[in-house]
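Working notes, beginning with the structure itself.
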Amino acid sequence: MTNTTPQFSGVIPPVVTPRTADGGLDLAGLEAVVEHLVSGGVHGLFPLGSSGETPYLTDRERGEVLGAVVSATSGRVPLLVGANEQTTPRVIEEALRVQRAGADAVVVTSPYYALSDHHEVLRHFRAVRAAVDVPVFAYDVPVRTHYKLEPALLAELAAEGTIAGVKDSSGNDIAFRQLRLLTRDLEGFALFTGHEVVCDQAMLGGADGLVPGLANVDPAGYRRLYDAGLAGDWAAARAEQDRLIDLFTIVTTPDAGRVSGGAGGLGAFKTALVELGVIGSNRMSAPMESLNASESGRIRSILAGAGLV
Amino acid sequence: MTNTTPQFSGVIPPVVTPRTADGGLDLAGLEAVVEHLVSGGVHGLFPLGSSGETPYLTDRERGEVLGAVVSATSGRVPLLVGANEQTTPRVIEEALRVQRAGADAVVVTSPYYALSDHHEVLRHFRAVRAAVDVPVFAYDVPVRTHYKLEPALLAELAAEGTIAGVKDSSGNDIAFRQLRLLTRDLEGFALFTGHEVVCDQAMLGGADGLVPGLANVDPAGYRRLYDAGLAGDWAAARAEQDRLIDLFTIVTTPDAGRVSGGAGGLGAFKTALVELGVIGSNRMSAPMESLNASESGRIRSILAGAGLV
Amino acid sequence: MTNTTPQFSGVIPPVVTPRTADGGLDLAGLEAVVEHLVSGGVHGLFPLGSSGETPYLTDRERGEVLGAVVSATSGRVPLLVGANEQTTPRVIEEALRVQRAGADAVVVTSPYYALSDHHEVLRHFRAVRAAVDVPVFAYDVPVRTHYKLEPALLAELAAEGTIAGVKDSSGNDIAFRQLRLLTRDLEGFALFTGHEVVCDQAMLGGADGLVPGLANVDPAGYRRLYDAGLAGDWAAARAEQDRLIDLFTIVTTPDAGRVSGGAGGLGAFKTALVELGVIGSNRMSAPMESLNASESGRIRSILAGAGLV
Amino acid sequence: MTNTTPQFSGVIPPVVTPRTADGGLDLAGLEAVVEHLVSGGVHGLFPLGSSGETPYLTDRERGEVLGAVVSATSGRVPLLVGANEQTTPRVIEEALRVQRAGADAVVVTSPYYALSDHHEVLRHFRAVRAAVDVPVFAYDVPVRTHYKLEPALLAELAAEGTIAGVKDSSGNDIAFRQLRLLTRDLEGFALFTGHEVVCDQAMLGGADGLVPGLANVDPAGYRRLYDAGLAGDWAAARAEQDRLIDLFTIVTTPDAGRVSGGAGGLGAFKTALVELGVIGSNRMSAPMESLNASESGRIRSILAGAGLV
């Protein structure tokens, strides 16, 4: 962490997007998820991220999702919103849409499908920043974009004021730590980790915020972890983290080879929310398969073991 | 090749998308490119592909580009049109748009940014096929999608009638040949190669069509290559191919590290079209950099050496 | 091909290394394989390559294998011999060993396990060349070394006389064709393909030699393919190639997930040689698993279908 | 950490291998390095690892290096020794050699250059364990082997007693943490991190040992970091780690593109040892380039800034 608290920090879950059993958006369920998260003590929400199945949402659905989140949140916590598109001109259009709909910040990846280099990535973030009125977060997710945002590039964008922070889902704790040191003198620059199982370690290494998909299931657990880390009680943070790692085994419940890794992880979060009574269906976006009854049963057992049901 | 000629075959260039010097679409230039290609003897056109900078076009621009190509082509050759989006629901919307605008077939990749598996990719192509009324081509471009479409998967989609053909830009001639043998009894199933420098080899291995970006520059050369291959005159096909490989060195003219590989390749095609007098500017879509005067000079020399200017 | 015939050309199989049922080297079997290949009309032999399970052989075993091949070949065809080690100093030691044992040329990869760059790879090949008295072939096998030998680098080594040729197992026909054009004026510089299923295409693109593992099973088939290509009878070459692609399906006979891809491919070659009566056991080197009875049965059927048994 | 202290734990540097200016081994320098490390408070030594340029050492050199380390250490701390070879039969021969020379444990990667699967990797470690009399550590270094040792596989090998610990250089803190939880009930099972810049985080996540190459330069610093972590003084551990991250910038001093990443990192460690007066030359093994005078000057400045010279 830097000395100055960033504008955005704390637990900021990437909000899942519920669907009804027939495949349509479940906006009432989405509002229930928002209520579940806010009442769980989160500091912000990140709708239209990868955990929200955003790549699978049509433009119309994205608008409906964000509208429902804005309405349900009603200003109680800030909204960092994904602008998930493949290149600069399309990201700018999407970023302007979510800004108009109420985003307090936009979260943007480097170009994908497009084949970019260092110079194009710099121009990309600068052009997005110039086009919008809210802070821009860089989202580093090379497993999806196949382009790692290197610490030196991010530090350059940070120092010039192009980006206000980074959401790191790169699985690379070494680059994360180096970025923290490169930006230690930039007041208010924010570093978030997107990984469920190393939040305590990331906070020790300087993370300001936690954006784990599993926080959809147990927001209060991540809030306790965050508070312990903030207080420097690392033993307590570690104990809470270890408990959440056990809970995270819900993502390994699908039968081998039956669903993709993406569908298995997000499907487990949705299934857990069904078991917790927050939403009514664990239906996934096409072409992803939903988890079945036996997989749901295993998730119920894990939730029970964790004392959540 | 199979015994029955496919509905689509021959030289089908992926059409570049010209921009004016100020960055807007150059629709008059695009019409000139269409004329240059049709008069060069091509058998079809592939607008809204990667060579058309489609990942960088907004929805509105995509509509304008396709409208101009449809209008300029005026039915003289068929149009295979890219429906470039990241997942099934979004591809379907895009495919329906290009179908309404006049596509004779749609060209579709596997999901990207999304993390898919074998089952989701099968469902993806089947869902797209069910949604449209025109033939669907699978576009195998793992350098962009990071998902290789394996021969067995493609052969399954071919045998059940989901896809009418494959545009292969995988750089994997081994899988291409195996796919050809796996589909040899499927009448009319079409295999296209997207690679500039091995068209003769690909035809010997069974390719029905050629979709090289360089055909924007020298459509007549690829037409001669194709005709020689079709006639079994492999020595002539090879000689023409070797000449085109020399021409293809235009993509290596940018100064080292100045522009990305993508910008360098497509920028070279556009610059060559400027030098040939077909279009007025080599301007690229943001955030890609355009080639500069010294790079243009080197391209002019190569074109002169090839007898094209 | 260049105008001058290279010193080495034609069909040069990478010789398998038979083991007895108890896991020891089967040197009598190895001599039988050599006889099978030479009588099948091959132009050279490539012992101690990947198909020879060389990574799995101890130093003592490598010596015994090469001794047996030298003895059984008795000078009837030249021997290109792998010097399979991870860095320059170790490759040089290995290259000197195989040279002393009778190699007519050594075949060398770029460093592996070590993390190299362009400059180190150039120095590597130059140092090996300076240390030995026989021609050096570069072996491009990025699936193993994770370092693609780019055409420009190979052309530089070729032009200065460091390497006499390249064995290409990169699966990248585009780079192969570009390398052929870059070296077209270098008299005697040799390009070999290591791929079973595109030998006709590779010859059309300029290959001088064929080094397919499947030639262990059907050397005469690859000889016919090569002779047809050399004569410019591409229709005959293609027909022979298509027949050999069908034969190559022996490598897909192992039950899904039971053995690794490497063990499945090499195990199929050995099993076919057992079925052909050339050797007595299909035993693999540790830790690879050998093919079982049902898998052998499927291979027997494919051989029968191909008229080989 | 588990409740029972493992047999090996603490700071265990991967020992560099000095060379004289003419390229020969500098065994006196190596003994000085050992003395520098032991007097710096390290708990063990790891000779013949990647930092020791082991991939570049001939068999004879490996023997000489290990002999010198055994002699210089004289039993003061235990020796974990790399058995760096590409497949099971060759690793076993190497492991027996280092065991005879005095290794207290052997450190072994999965096969490389060879193309393995899950089953072969399991058999590999089991066969090595059966062949030696000392504990076996798995070395997870996918940037070199291109095979990630997954937590479930390592936990299986740990539970059955095949491996006594893991040296993790995978850069994947998520898998590391999951492995720690999977093995929390295995008394004495040891987890080491090989990364310089996240040692505090790794200890919070359960690491028992630190194996950073940079500990060659500042063994006492890593000892302080380790002691702080062991005492649960995470603020002190973090402060020491941040200091060492600044020191680690010595690896970024080479001019861009002049030397490979491997040569740059290891060369920086050797150069720092020259500047500290421990050894006399920063000469690298062929084909790696040594750092030059201006690069050495930058390293001297960093060392001075860190108060080490």
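Order of writing sets the labels: A, B, C and D. Residues in every chain begin at 1.
As a convention for this text, a contact is a pair of C-beta atoms (placed from the backbone, for glycine too) under 8 Å apart; a residue touches a chain by one contact, two chains touch by 3 or more.
Only a predicted model underlies this, so the values are computations on that prediction, with no experimental measurement involved.
Participant: If we look at chain C and chain D, which chains touch each of them?
Facilitator: Under the touch definition, chain C and chain D have no mutual neighbours whatsoever.
Participant: Counting one step per pair of touching chains, how few steps separate chain A from chain C?
Facilitator: Minimum step count, chain A to chain C: 2.
Participant: At the chain A/chain B interface, shared numbers over all numbers used: above half (same) or below half (different)?
Facilitator: same
Participant: Turning chain B onto chain D with a C-alpha fit: angle in degrees, nearest 5?
Facilitator: That rotation is 180 degrees, given to the nearest 5.
Participant: When the centre of a chain is set as the mean of its C-alpha atoms, what distance in Å lies between chain B and chain D?
Facilitator: 49
Participant: Which integer distance in Å separates the CA centroid of chain A from that of chain D?
Facilitator: The computed centroid separation for chain A versus chain D comes out at 35 Å.
Participant: What positions in chain D touch 2 or more of the other chains?
Facilitator: If we look for residues of chain D contacting two or more partner chains, we find none.
Participant: Along chain B, where are the residues that touch chain C in the complex?
Facilitator: Its residues touching chain C are 171-174, 177-178, 181, 195, 197-198, 200-202, 204-205, 232, 234-235, 238, 242, 245-246.
Participant: With touch defined as at the start, can you tell me which chain A residues reach chain B in the complex?
Facilitator: Against chain B, the touching part of chain A is residues 55-59, 61, 84, 86-90, 93, 111-117, 119-121, 123-124, 127, 143-146, 257, 259-263, 285-289.
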